[in-house]
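So that you can tell them apart, the chains are marked A, B, C and D in the order they are listed, and the count of residues begins at 1 in each.
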Amino acid sequence: MSYARQMLNSYPLTFNVEASVLAATIDALKDCAQACTADAADDLSEQNVTALVKCIRLCLDCADVCAATLAVTSRQTEHDANVTKPLLEVCATTCKSCGDECERHAQMHEHCRVCAEACRRCERACRELVAAMK
Amino acid sequence: MSYARQMLNSYPLTFNVEASVLAATIDALKDCAQACTADAADDLSEQNVTALVKCIRLCLDCADVCAATLAVTSRQTEHDANVTKPLLEVCATTCKSCGDECERHAQMHEHCRVCAEACRRCERACRELVAAMK
Amino acid sequence: MSYARQMLNSYPLTFNVEASVLAATIDALKDCAQACTADAADDLSEQNVTALVKCIRLCLDCADVCAATLAVTSRQTEHDANVTKPLLEVCATTCKSCGDECERHAQMHEHCRVCAEACRRCERACRELVAAMK
Amino acid sequence: MSYARQMLNSYPLTFNVEASVLAATIDALKDCAQACTADAADDLSEQNVTALVKCIRLCLDCADVCAATLAVTSRQTEHDANVTKPLLEVCATTCKSCGDECERHAQMHEHCRVCAEACRRCERACRELVAAMK
């Protein structure tokens, strides 16, 4: 069982979303933030770095937005849906932009392929959590 | 001249938004993220901490969302308006929620009054930057 | 295989540390940062919140230090050991402080027990990576 | 008066360091984190980006370490010197590495010159705060 799930299971109050959906999103956000941080740096080691500038920039943005969304969704106490829902939507949009760009380089660079996969999974997870919050 | 403005002035390419509006937003985001981090911790030193739980939680969220928005707006290269604009809007919403809650404690706690002011200023700055991007 | 390990396996150049040790540290840092963020918020839902103020504060610090260490260790390109090693040492120290405090509340609060475990594992992983870098 | 100083002035308890020294460090950390985030992205807009890879990487690290140090120094409640002091020392070291590298590009790129200045100021401020904590 992931730490995210263990933490949710030990939360002293109740929350309105199914724990399995929330835990899956938290885990996807953790993985995506880290993969994007790594991919931006990996791109800098490639010979065709000028062709990867957009990819680097979007990976940096995606890492930052996922990190903020991860923190906000990790807090259950006094949860404010007016903040969480639009933030999850922006995060899904950012993962989409970043995943699209990474995918363009996936055949040439395996690290971009892995990162694109992490972005796709995170985009889906954010959208599923928004749907579950309705 | 703030470092944010100096950095914008030395950006090698052009950008579509007026530098003064962008710099004002970046400076407001820096101040708001730091004020919220400080206010959440200050609340923990108050005797009536149980009455401040919602304030602490919203300050932590606001600090995280402002930090991500600060990073994204600080990057000009390969700027993606599909990410930046909705992120600025979520940031304004978060500053509004946090500022409203801080204001409720402003008469009793000076640190909440200062933090509420930082949130109001940041909310306005984010909205003005969105307007300038149209 | 974790995303951290997949990203390391696809890094285009070589690095001086064994990938399995590095991946284990990255995974421990991800888990610890998230557990600490969650635990700080969980503490705010407890009735004896005043007894948990030190725990909250250390969890917030530990989350921030782990997040920075996670980002730095996720970047292989142009790695600077003068930054990484002392940062890993500070991170281990912070995990120790936070884990000790969480453990004091572990019998009363299950979320503090889980968080203490994440801190212990992360402390060990950071020290093992420092040892492997020598 | 900066928001950092206003927040310190409204802290409900006392702290052991002079507020002016602490506020100066907090302001320097805010500026350095933002300048490094901006400089890493500015470098990506330069034609000789391959010559700037080390600069980009160190700027990303410096932004992350400054952000964590900023958060930790912004919290006064239950301050733990065992965490804060070594973290400030690592932050000074990171600012030194990053400032040295930025300075190498300062004549060619004005944004690197401004960033180097922010790093130097932050390095000094961190060392002064450590000295004041003794």
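Convention: a contact is a pair of C-beta atoms (placed from the backbone, for glycine too) under 8 Å apart; a residue touches a chain by one contact, two chains touch by 3 or more.
The structure presented is a predicted model; accordingly, all values stated were derived computationally and were not measured.
Common partners of chain A and chain B, by the touch rule above, are C, D.
Of the two chain pairs considered here, B-C and C-D, the higher C-beta contact count falls to C-D.
Summarising the inter-chain layout, the chain whose CA centre lies farthest from the centre of chain A is D. Measuring from the averaged C-alpha position of chain B to that of chain C gives a distance of 27 Å. Chain C and chain D have Cα centroids lying 22 Å from one another. Contact of a single residue of chain D with at least two other chains is seen at positions 40-41, 44-45, 53, 57, 60, 67, 71, 75, 77-78.
Taken together, the chain D residues at the contact with chain C in this complex read 53-54, 57-58, 60-61, 64-65, 67-68, 71-72, 75, 77-80, 82-83, 86-87, 89-90, 93-94, 97. Across the interface of their complex, chain B is touched by residues 40-41, 44-45, 49-50, 53, 56-57, 60 of chain C.
On chain B, the positions that touch chain D within their shared complex are 2-4, 6-13, 26, 30-31, 34-35, 37-42, 44-46, 63, 67, 70-71, 74-78, 109-111, 113-115, 118.
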